[in-house]
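Each chain gets a letter, A, B and C, in the order it is written, and its residues are counted from 1.
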């Protein structure tokens, strides 16, 4: 009898939870007298809290609008969530897309936003990836840039001026100087190369040497049937340099070791990373992050002093939602990027480097964003093309191949051949 | 070798193996209370300036209460449904001595050979079209996947209950529903515990199926842990605190229901 | 007695049967059909014959995953069963703390594979490296960064997780051996090995059937641990079958192709299971 009673208790508990659950469900649906709900699904989880703050603020000043933010992490996880929600009929009003491949995947769900103020104010080139004739299919989140993030104190002690490292030879000389003084400077290596994170080596490092093949235009890369790969030797040279002078076991190093341990604790002089690492470094050492670090471009022949700056994500407005809701969505995005309050949130709250005009004179919140902002303002930038790599090319070919090369089980020549062949194959079956 | 020496050696061997088995738990527990710098300077030692702030942060980032609630709802409702549906089906099959029943039982048993991976692709698209990629949809899927083994186990247990009992009750005018729920089901209690335990352990820990089915609002503990990891790109101090939170409900459950769990798992695989 | 024609019979069957049909049988048949088309999840335009299957057998990623899974399954079956039996023999001795040990050895089995993988990732990457650096044992550094350590990492994790489970199964049979027989044999002057070989081993033989089946099917279908421990890296060398199928279908969006791989996977798993049950039954019958 005792077991029966326990079983009954379990059943009652579950019934209670179902009732509770369905109660929660209905509560959410009747959104308390709001006329329009803007559902936003986006992939930058690190900004989840800030986006929610902004949404709450917006709801206060716009009483008839409800803004629901959902953030999902990681590239593939985000995409599968988006796909699931689209096929389940639970469609967001606004969703983020990362580049032309994702735009074309969801093309039937994306409406033209060229009539927004934000689209007219977008910086030149930032809309290339999402343009279709006169139509604009997405609005940039922000700008991000990457290069070598360096430790100012160590550079100073070794007598190196970071601003002068504009060519490979100058960089090499500096690396050798640093390496010779490793002991005195307390370094475990000059660089730290995270062999576990293929994207650092293929999307970012690869991009600076692949972009010139396509004039830095992501659309050109996306539609190109072939990969010329004319600068593969330069690519190899830079990868070798980072690998040869790297601290620790490259193939075991991941993002957190590279950023938090080796760089954050001052065990290496510089790492190849971007402005997004600021928060992580600040968690290890606030003062060091605020005053002790800077960022310079990766030297590329013929592109001295230029930093690869790009748009990591775009906002797309769902064309299958009611017209009124689409309008509200566009209005919200305009508010975010073109009004005084919105702009303040973009810079101060989100720590975004703006991809729009009208921000000059505003001060970025950290030294790395500031470096990106300065390069943008002085037009010393090159493009990002990696969002235009063929789907699965990085995941199945270049990524694993670079790891094989670093583990010495594949030669560079084989890597180049495979990269070109796979590119051509994938583009021909698209 | 004297008996006493042998006992001693066995005892030491047991102690060493036991500690070895517990060592991973020690590592995550101690490191979850260190600062990031603390982990980098010493992994094996006890935390120097122990901190619980990792736990408060992980608690918030995991959205722990909601994930726990989701996990509990999905597990409990699924298991109750599986137990009910399977015992009923097993009863029907066992008390009907026809070819049809044999074929149906064979169908359930044969379905055990089909690995989840072979049906997941069409399954998610079918349920997507039916707008059932949500918690109720997931619970229904668990019923479909869990029924086979459960029916198989129940069927054996029901065979041990004499049919004379049913017949006596029928003579007193009881219908099949009343016979099953008031006479048979209570007698199946030991097997129900076994079936429930097996399904609880499986559903609570399942990752792949819910990852393909659930929207973010329905995330269970394993799913939330996975995204939590991506989000904190391996800040181990936080990540380990999150892992501790994730295994805590299981440890507590194990602590209270140990006897049943061990019996259930053993019966489930030996029978 | 429930009549096949009666309403009650079908009402009792309905919930479970409908569940099985909609969740397992229909998707399986549909999947089989789709695997011969160019289906993309939304629609298909034409039949492509066996070309998805042919492509799978030429797909080096799939073949690598296949052999990696087979190698892993073999090593896991042997090590988990040997260790599981060893643990079972240890905790069935009459000694203090035997019950506590049972509890401890089984505990990892209750923790989900995903969380287990993350725990061991920390141990291999951080703890092993720290011990290795401190004691200058280079074999302990760089774990999970090459295919070999990735493989053994997965094996060690599985041993930690599954031995306790398999131990329970052996215990069930070991406890069925009458203690008097063992004691009588000991008095007769037999060696421990002889007692194991001629008394214990034949008595637990049925447990092998169960344990081999469980370890084999579990190690073939493994996904969560693979995802959280190595995520297939480095360079996809530790990617197992499940992960290859999931990635083909859901990451690369090639659903029909992924389903063809999934059907091959089904055929292999089903064939092994059937063969194994058949042979074990035969051997058991022969022994008894």
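By definition in this document, contacts are C-beta pairs under 8 Å (C-beta built on N, C-alpha and C of every residue); 3 or more make two chains touch, one makes a residue touch a chain.
Bear in mind the structure is a predicted one, so any value in this text is a computation, not a measurement.
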Number of steps on the shortest touching-chain route linking chain A and chain B: 1
Chain pair with the greatest number of C-beta contact pairs: B-C
Separation of chain A from chain C, taking each centre as the mean of its C-alpha atoms, in whole Å: 37
Distance between the centres, which are taken as Cα means, of chain C and chain B, whole angstrom: 16
Two or more partner chains touched - positions in chain A: 80, 87, 254
Numbers and ranges of chain C residues touching at least 2 other chains: 41, 250
Multi-chain contact sites of chain B, meaning residues that touch two or more partners: 125, 212, 236
Residues of chain A touching chain C in the complex: 76, 80, 87, 105, 195-196, 249, 251-252, 254, 391-392, 395-396, 399-401, 403-404, 407
Interface residues, chain A side, partner chain B - complex: 1, 3-4, 7, 10-11, 13-14, 17-18, 21, 45-46, 70, 72-74, 77, 80-81, 84-85, 87-90, 254-256, 260-261, 264-265, 280, 283-284
Chain B residues touching chain A - in the complex, by the definition given at the top: 36-37, 40, 69, 72-73, 76-77, 80, 124-125, 128-129, 131-135, 186, 189-190, 192-193, 212-213, 215-217, 227, 230-231, 233-236
Of chain B, residues touching chain C in the complex: 7, 10-11, 13-15, 17-18, 21-22, 24, 27-28, 31, 39, 42-44, 81, 84-86, 88-89, 91-93, 95-98, 100-101, 104, 107-108, 111, 113-123, 125-126, 140-141, 143-145, 147-148, 151, 163, 166-167, 175-177, 180, 201, 204-208, 212, 222, 225-226, 229, 236, 239-240, 243, 246-247, 250-251, 253-254, 258, 261-262, 265-266, 269-270
List of chain C residues in touch with chain B within their complex: 1-4, 6, 8-10, 12-13, 15-17, 19-28, 30-31, 34, 41, 87, 90-91, 93, 95-98, 100-115, 118-120, 122-123, 126-127, 130-131, 160, 164-165, 168-169, 171-173, 207, 210, 214, 217, 220-221, 223-224, 227-228, 241-242, 245-246, 249-250, 255, 258-259, 262-263, 265-266, 269-270, 273-274
